[in-house]
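Common to both upcoming complexes is chain A, partnered first by chain B, then by chain C.
Coming up: the complex of A and B.
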């Protein structure tokens, strides 16, 4: 199969995969015990969204470091694309988490440490874009945004791992437990759908990210053409 | 400064900061007046008797750090913004190595924060009736908090000075970076106030010191990029 055909097919495959995940989440996976009604099914969407938000943050860091080393404007475009998607997926994870909190604990927002963590992640993304907006010069904007992205990433481990462990949390235990051990106790069909959803959301991120970077590449080529 | 060492350059930058600040007193006035005004408003409106006994440890520790943090953000960005405003940044770039500039400005901000703590914390305890059982523990939390807070505010000040220099942008960029630190600081302050045992503040101290360490190391690596941009 040649490359252009693969490029056309992959989004359709991704679309089918996500439809299968949605169907699997509602009709194939059984209800989890210990949760109100069918609320636990949100795990198939909420956790992958939170995972993609953190993945986007990591991609943003790598692209920022690459920019600081090589000064390639495309790396800055990659960092901005990852941050944009990270912001969208953080919002989605916050909204789905709030819906779950409303059903389980009766309130959309409970100031749970994990809710605070995702809110701070949102603030970091918002601050990153506020900084980008404040600098008109492209090269300076790229450098300062990259520096801020690296600095923000440093606080991430404290946000995700330290703060939620200082305070008692309502949040169901994470996949990686408080002592660092890997916890993965799900019914087999739930696990299948959950893993399929993780793969699907990661694929969705990769697809959107690639589109954004390609668009940036076209814009750069056009502006170079205009200058010449 | 040919032949000068990093330390001598750093001390020269620190000395310059003190001379410039004592001449204009912009940062001192901003931080001092903001802190005192906020403290007076909080003490007047809430005071020692308007908080329920069971809420006092939580509310008093949080209020103390809100006053200290917002007072700090009102003046700490000046160290770099004033260089851009007065067009002296280029001369400073030629006169000292980036590491010396960062270290000198960081030490200046740290000294300002320690002075702020030394004035505001006793006043706060007196006005709010905040009885602290573990004074040594509180001093350790305040000192390590100043080290960590100065690290973040100094590098963010360098970034915003090269951006637009606006104090609003400084608050927007600083807030998400220091929120985990503030959470740990409030936790440590509450622990110190509640018990005379030094051991109760150790978990918070570990978090603060490690956060300060990684922020400082990252800032030292990032500063040349920001400074020479």
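Coming up: the complex of A and C.
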């Protein structure tokens, strides 16, 4: 199979994969015990979205470090693309989490440590784009943004993994749950759908990221062509 | 109208999010290909 054909086919394979995940989430996986109604099914989408956000911030860090070492403008474009996707998927994880919170705890926002930490993370990465917009000079913008991205990433593991586990939280936890908390243990069919969704969302991230970088490459070539 | 805890509501939210993302990807993919071809 040649490369252009694969490029055309892969998105549709991803679409079919995710349609299968959606069908599996609602018709194959059983209802989770201890949750109101069908609210727990949102976990098949909420957690992969949060995972993609973390992955995107990791890519942002790597691209920023690469920029600081090599000063390649394409690395700056890679870092910006990853941060943009991280922000989008953080918003999606927050929205789906809020819907779950409305059903389980009666309100969209409960000042739960995990809600507060994701809100802070959103503000930190929103500031990354505010910084980019505030500096007109391209080289200076890229350097400042890369340095800021390294600092921003330091807060990410703390806000995503540490803070919600230090304080008592309403949030269901699959890994560490203090006594008395709602501990979400997955049945095998649920785990299958969940892992398939993780793969699907990761594929979606790779696709979006690649498109964003290709777009940046075209823009750079155009601006270089305009200068000549 | 089904309540927020119902299967229909959860399914609607997830499908809207997924279809929105996919439609955006398809549109961006076409735009990038067109620009690359123009180059």
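Some points to look at:
FYI, the second predicted complex is superposed on the first by the 216 of 228 C-alpha atoms of A that agree within 3 Å, B and C clash if a C-alpha of one lies under 4 Å from a C-alpha of the other, contacts with A are read in each partner's own complex, and residues count from 1 in each chain.
One rule holds for everything that comes next: contacts are C-beta pairs under 8 Å (C-beta built on N, C-alpha and C of every residue); 3 or more make two chains touch, one makes a residue touch a chain.
Everything numeric in this text was worked out from a predicted model, so none of it was measured.
Of the two partner chains placed around the shared chain by superposition, chain C is the only one that A:218 touches, whereas chain B remains out of contact. When the two structures are aligned on the shared chain, A:120 is found in touch with chain B, with no touch to chain C.
When the shared chain is aligned, no partner comes close enough to touch A:93: not chain B, not chain C. In the superposed model, A:130 makes contact with chain B only, not with chain C.
Contacts of A:147 after superposition: chain B is touched, whereas chain C is not reached.
In the superposed model, A:155 makes contact with chain B only, not with chain C. Every residue of chain B that touches chain A in the complex is listed here, in rising order: 152, 155-156, 159-160, 162-164, 166, 169, 172-173, 175-177, 179-181, 183-184, 187, 203, 207, 210-211, 214-215, 218-219, 222, 225-226, 229. The part of chain A that touches chain B in the complex is made up of residues 68, 116, 120, 123-124, 126-127, 130-131, 134-135, 139-140, 143-144, 146-148, 150-152, 154-155, 158-159, 162-163, 166. Residues 3-7, 9-11, 13-15, 17-18, 21-22, 25-26, 28-29, 31-32, 35-36, 39 of chain C are the ones touching chain A in the complex.
Partner chain C is touched in their complex by these residues of chain A: 11, 15, 18, 22, 25-26, 36-39, 41-42, 44-45, 92, 95-96, 99, 102-103, 204, 207-208, 211-212, 214-215, 218, 221-222.
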